[in-house]
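Below are the structure tokens for one structure; questions will follow.
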Amino acid sequence: MTMTDPKTALQPVDRVEPRTRLKWLRDMMLIREFELRTMQAYQEAKIGGFCHVYIGQEACAVGCIAAANPDDPVITAYRDHGHALARGMEPRYAMAEMFGKSGGCAKGKGGSMHFFDQRTHFYGGHAIVGGQTPLGVGLAFATRYENEVLEQGAKRITLCFLGDGALNQGALHEAMNLASVLELPCLFIVENNRYSMGTAIERGTAMAHDLSTKAAAYGMPYYQADGMDVCAVYNVMKRVIDRARAEQAPAFVEIKTYRYKGHSMSDPQKYRSKDEVAEYEANDPIRRLADALIASGDLDEKAFRALSQSVRDEVRDAIAWAEQSPEPDPAADLYRDVVREPFGPYGPTTPPEMCGHEPGAVAEE
Amino acid sequence: MTMTDPKTALQPVDRVEPRTRLKWLRDMMLIREFELRTMQAYQEAKIGGFCHVYIGQEACAVGCIAAANPDDPVITAYRDHGHALARGMEPRYAMAEMFGKSGGCAKGKGGSMHFFDQRTHFYGGHAIVGGQTPLGVGLAFATRYENEVLEQGAKRITLCFLGDGALNQGALHEAMNLASVLELPCLFIVENNRYSMGTAIERGTAMAHDLSTKAAAYGMPYYQADGMDVCAVYNVMKRVIDRARAEQAPAFVEIKTYRYKGHSMSDPQKYRSKDEVAEYEANDPIRRLADALIASGDLDEKAFRALSQSVRDEVRDAIAWAEQSPEPDPAADLYRDVVREPFGPYGPTTPPEMCGHEPGAVAEE
Amino acid sequence: MSAATATTTRQIQFREALREAMSEEMRRDPRVFLMGEEVAQYQGAYKVSQGMLEEFGPRRIIDTPISENGFAGLGIGAAMMGLRPIIEFMSWSFSLVAADQILNNAPKMLYMSGGQFGCPIVFRGNDGAGGQLGSTHSWAVEGLFSNVPGLRIAIPSTPYDAKGLLKTAIRCDDPVFFLESERMLGNKGPVPEEEYLIPFGVADIKRAGADCTIVSFGRPVHFCLEAAEKLAAEGIECEVIDGRTIRPLDIDTIIESVKKTGYCVVVDQSWPFGSVASEVAAQVYERAMDYLDNRVYRVCSDDVPAPYSKALEQAMLPHAGKIIEAVKKAMYLA
Amino acid sequence: MSAATATTTRQIQFREALREAMSEEMRRDPRVFLMGEEVAQYQGAYKVSQGMLEEFGPRRIIDTPISENGFAGLGIGAAMMGLRPIIEFMSWSFSLVAADQILNNAPKMLYMSGGQFGCPIVFRGNDGAGGQLGSTHSWAVEGLFSNVPGLRIAIPSTPYDAKGLLKTAIRCDDPVFFLESERMLGNKGPVPEEEYLIPFGVADIKRAGADCTIVSFGRPVHFCLEAAEKLAAEGIECEVIDGRTIRPLDIDTIIESVKKTGYCVVVDQSWPFGSVASEVAAQVYERAMDYLDNRVYRVCSDDVPAPYSKALEQAMLPHAGKIIEAVKKAMYLA
């Protein structure tokens, strides 16, 4: 593996169908609407614990996941709502999870930071910074093992998302080195939103201005994408993924993005200026794609309003569904799902309601 | 901080006095003799636990430490006998430690992998691979803090030695990043002897052929030295140290070296050929320096034999001393040194016998 | 022994008590510094260190990247050299990535070095459930770490104790694990203006009573007090002992009380197996078996990963209801 | 239940028993693989995996760099996808750098994911003192990890148990921590050619006796047997119970024995505070207090970091002498 100049290594993919870009627009709008309502529900104390919304970063998850096959494993950190939805988790199961309801994607046991969806090959939602990266390498190991030892399945690649703050965890370093020496098809996708909580990346990460050095230390190709433009993300990721799939080798991708809201729901945000936020908001990925589609005649204001309405309806439905979903029952649920083989006080495990659905049922709607 | 081309960045230091080089020769010979007798004592079951000898790598510790000030902190991994001796620990305390005697440098509580010597600013001997590197950064933090906050002491730099196997531990990654963002004068000195146990570096470490990438990932200058030549090590280290001291900044040094013996005392060494070992032995750092000193007329065979005899005597004395040093007494010693402030079953702590000696008493002899 | 409760004593928050302890010690001893994630510019993720950057400057109040193993080790190295670091874990849950440094190095360095290098360091942060944070973020690390010799573990339940114990911790020549609780940081309590220190290994009888001994540590002490109030209404007078430190454990105070009451309930926020509660129970039997009129009852968190759901989490954690039930069982009243 | 001791049964080493268990399961199930430091080309740092690379090839016997947190996590990720990794820690002492992965992820993934992703994974390696390895290399991790729900802990004392338990571990759909001992790898014992499995949570009475119950786990079981032999010479018949697994704990077998003997000694190689011994003691009191004729005696390692010196290490660890003393005290004979 050799170092790759991010500027030259990737050619633009063929023009993406307007239909597809419209789907991306809707996916991003759905995430945005979902997160806005999440914030509201949090303020209404319907959601507990920590809650980190994805607003501003929608193009990352949507662009990356669009470029992957539906059965390529996806794993991420605790800011996971966007990835789960982009992957096709139905909003109702996501919202119910945050409401701590038994209909949630983890039956109310995981919460905002621990979303999971077996059906869509979404492996979580992990709340220890950097802790998901060795797991991601393990998913890549498993796909390769299935292929080569078990001789089953097609070649898959793993999308392992992480925040810029995870760059400084030893786990990532070990994971990247392992992916490299064991030649595992794991993509380390850094959503560089410039901050980990209140720490600007330059304050916490050496060589923040040139993350290609991080990839180079493991002999991995480095790629970069503008995370405020879903088409740019897709373009880069399509090539990265195709190549990683063919070579069954790791790569490192930096997506330059921004979160508009605070780190969590209790963040005074003194570490950045209002102007800085406004600058990024002016470059909003949803607005940008909508404008482009309008300019190309593939969307008009009316259709856009209809789209807005449809995502609002979908999220409203999700909230209503979550509201009515029953609370877990301590007597019945506390000691379930601890183990697969029951013993002593531990009852059996059962998949969440969500798992009964057909794959792709929502993703295609 | 910028990347440095190891070939050009360092100018040779002024010609080193023959007297000084003779001292290095003796230091290396002392370590060699010490280790040979260590192996023997281990075979005689006078030493227990794990035991890792330094034979072949003597030029690393001697060359690096010669280039440092006596009060620059030194810390290393479990293959620590050479560093301790090069730093001036008296062989008797080192040997007594391995014999598990109360006269040992850690009163028999540390053993081969855990040598310590406060008097010579030797901060151990650490047996968890990579675990010493955050400690090393802490020592560098402390020297800088003493300087700048407590306004005492001269500028010091920390020598943090590690094996090539430690390159793959998350601890090193975090340590290097911290040293870089906090601007701490810590030198990460990799003794690259090409193997961690039976694992050739290429099998375990991405980019093994170009470790400068590891430094570059943290914006640290990278230097390289031929570890089979103590003068070369000194030359590089002198400049590295002077610069790190002045700039109070970290650096990364790769010393290419080799261990002649097995990883520990029970290593069948099937992972490398006898020829490979012989090749390095033919390039032995002790022989090389002796030859050079003879060629320049600063040493003759007779003086060399006298030197050999003197280190043999010194190590023989160390063994005799270790033999007669008393075993620790469980009743008196087991619950001591656990804490500095005694409570419950825990008695007080007392420094080892060694600490009573004047600084430099042996180092200058 | 208990906090002065005179009406004149000012009331401050738990987080303020912690801050005062650190600030006072930093003024007294220039070797003390504070390091951790978001402790400086952000003013503390939980505002414990608010204002400290301003007073002490960036050389002594130091922000770190998310590298717990790295900066825990950094602190230990600095302590080996004689500095007195306070290392903040935003949560003790994140100390698992630093387990090697905090368990292999801090508590053993003095012993391994034959008495040469000690570690006068304080690791502190939020311990235990923080309110629906789920499995990875709700560790009560006393269940894991109290097994390890060479360290002190302090776990205050009130602002008064927090301040006095933290000052002792900072002055201690040995490593201290200091366990706070996010759920208590806003709690107010009386803390005198005058300086005081609370020695380690001295439990505090938070409520006297002759009928049943309840032993606890940290946040659950409040649930014990709540239970004791309710039981008092039924005529049962519980003695609530706040251990305050787990290592050293003030077993003498506990035994003295058990000898008086004959009944003992231990309340511990960690999982039951091999927990602090198991240890207290085992020691109570060992030292006071003849005085016990019933077996010791343990109230711990349920032996399952911490769930997110509020209903499940509340069911899992110790609370007054469970304690009341245990006391009644212990006293053969249920 | 106990190993067949018929003279016809072949004798093999503990390490061979482990190897057979792994190899048989790898032949049976292609999803099983072995990963760790030096397990392949080097043939195992302790020769446990000798010959396995040759049989199974480099895709299933996989050498790793010194990255315990990394490859432990890799194994967990692979297990989430349905593979069945065996992750070897050269020593459990090195698992501290992997604490986050093995404690936060393996035992909690199923719960956190609401039943979606399990972790059928085995972590195995040398636990406890290895013979003068000093503080950092002598961890008896059961003292730390047994507090954590969601995992199984197996700790065999004989080749027979090692093989049968490891096969069960590999087939288990949940994570298993499998604790071996460097000091026992060369021990020989009878292991039949025929396949067998030993269920978890079933203790083995390694020696029957009516006078005093001795409970232990792993290597110290041998010290208990040695002590029991010596005590038998004095006419004291001890029942030695080998717990074999710590989670689940077969408390029923222990209680049954204690009800018979009235005396109980628990022997545990970890430190005493909040240990497996504390837990066993606490549970014995809870369930059999009325049958106990004396308090339970615990024999643990001394509460100090592991020293290097042979004399100190031997003094620190449990041994027959300490056990004999404890039994005599328990029986009011000393």
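Each chain gets a letter, A, B, C and D, in the order it is written, and its residues are counted from 1.
Convention: a contact is a pair of C-beta atoms (placed from the backbone, for glycine too) under 8 Å apart; a residue touches a chain by one contact, two chains touch by 3 or more.
Note that this is a predicted model, so its numbers are computed, not measured.
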item	value
Chain at maximum distance from subunit C, centres defined as averaged CA atoms	B
Subunit A and subunit B, separation of their C-alpha mean positions in angstrom	46
Whole-Å gap between the CA centroids of subunit C and subunit D	31
Between subunit A and subunit D, centroid-to-centroid distance (C-alpha), Å	40
Where subunit B and subunit D are represented by their mean Cα positions, the distance between them in whole Å	37
Numbers and ranges of subunit D residues touching at least 2 other chains	64-65, 67, 69-70, 93, 96-97, 100, 104, 111-112, 134-136, 149-150, 303-305, 307
Overlap residues in subunit A, where contacts from two or more other chains coincide	106, 108-110, 114, 126, 128, 131, 168-171, 174, 177, 181, 203-205, 338
Touch-based graph of the chains, sorted into line, ring, star, complete or other	complete
In the complex, subunit A residues that touch subunit D	73, 75, 104-110, 114, 116-118, 123-126, 128, 131, 133-143, 145-146, 148-150, 170-171, 174-175, 177-178, 181-182, 336-341, 343-344, 349-352, 355
Subunit B residues within the subunit A interface of the complex	168-174, 176-177, 180-181, 203-207, 213-214, 216-220
Partner subunit C, residues of subunit D touching it in the complex	69, 93, 96-97, 99-100, 103-104, 107-108, 111-112, 134-136, 143-150, 247, 249, 270-279, 281-282, 285-286, 289, 295-296, 298, 303-305, 307
Subunit C residues touching subunit A - in the complex, by the definition given at the top	37-38, 41-43, 45, 63-67, 69-70, 93-94, 96-97, 130-137, 302-305, 307-312, 314-316
Contact footprint of subunit C on subunit A as seen in their complex	48-50, 97, 100-101, 106, 108-114, 126-131, 165-171, 196-199, 203-205, 270-271, 327-330, 333-335, 338, 345-346
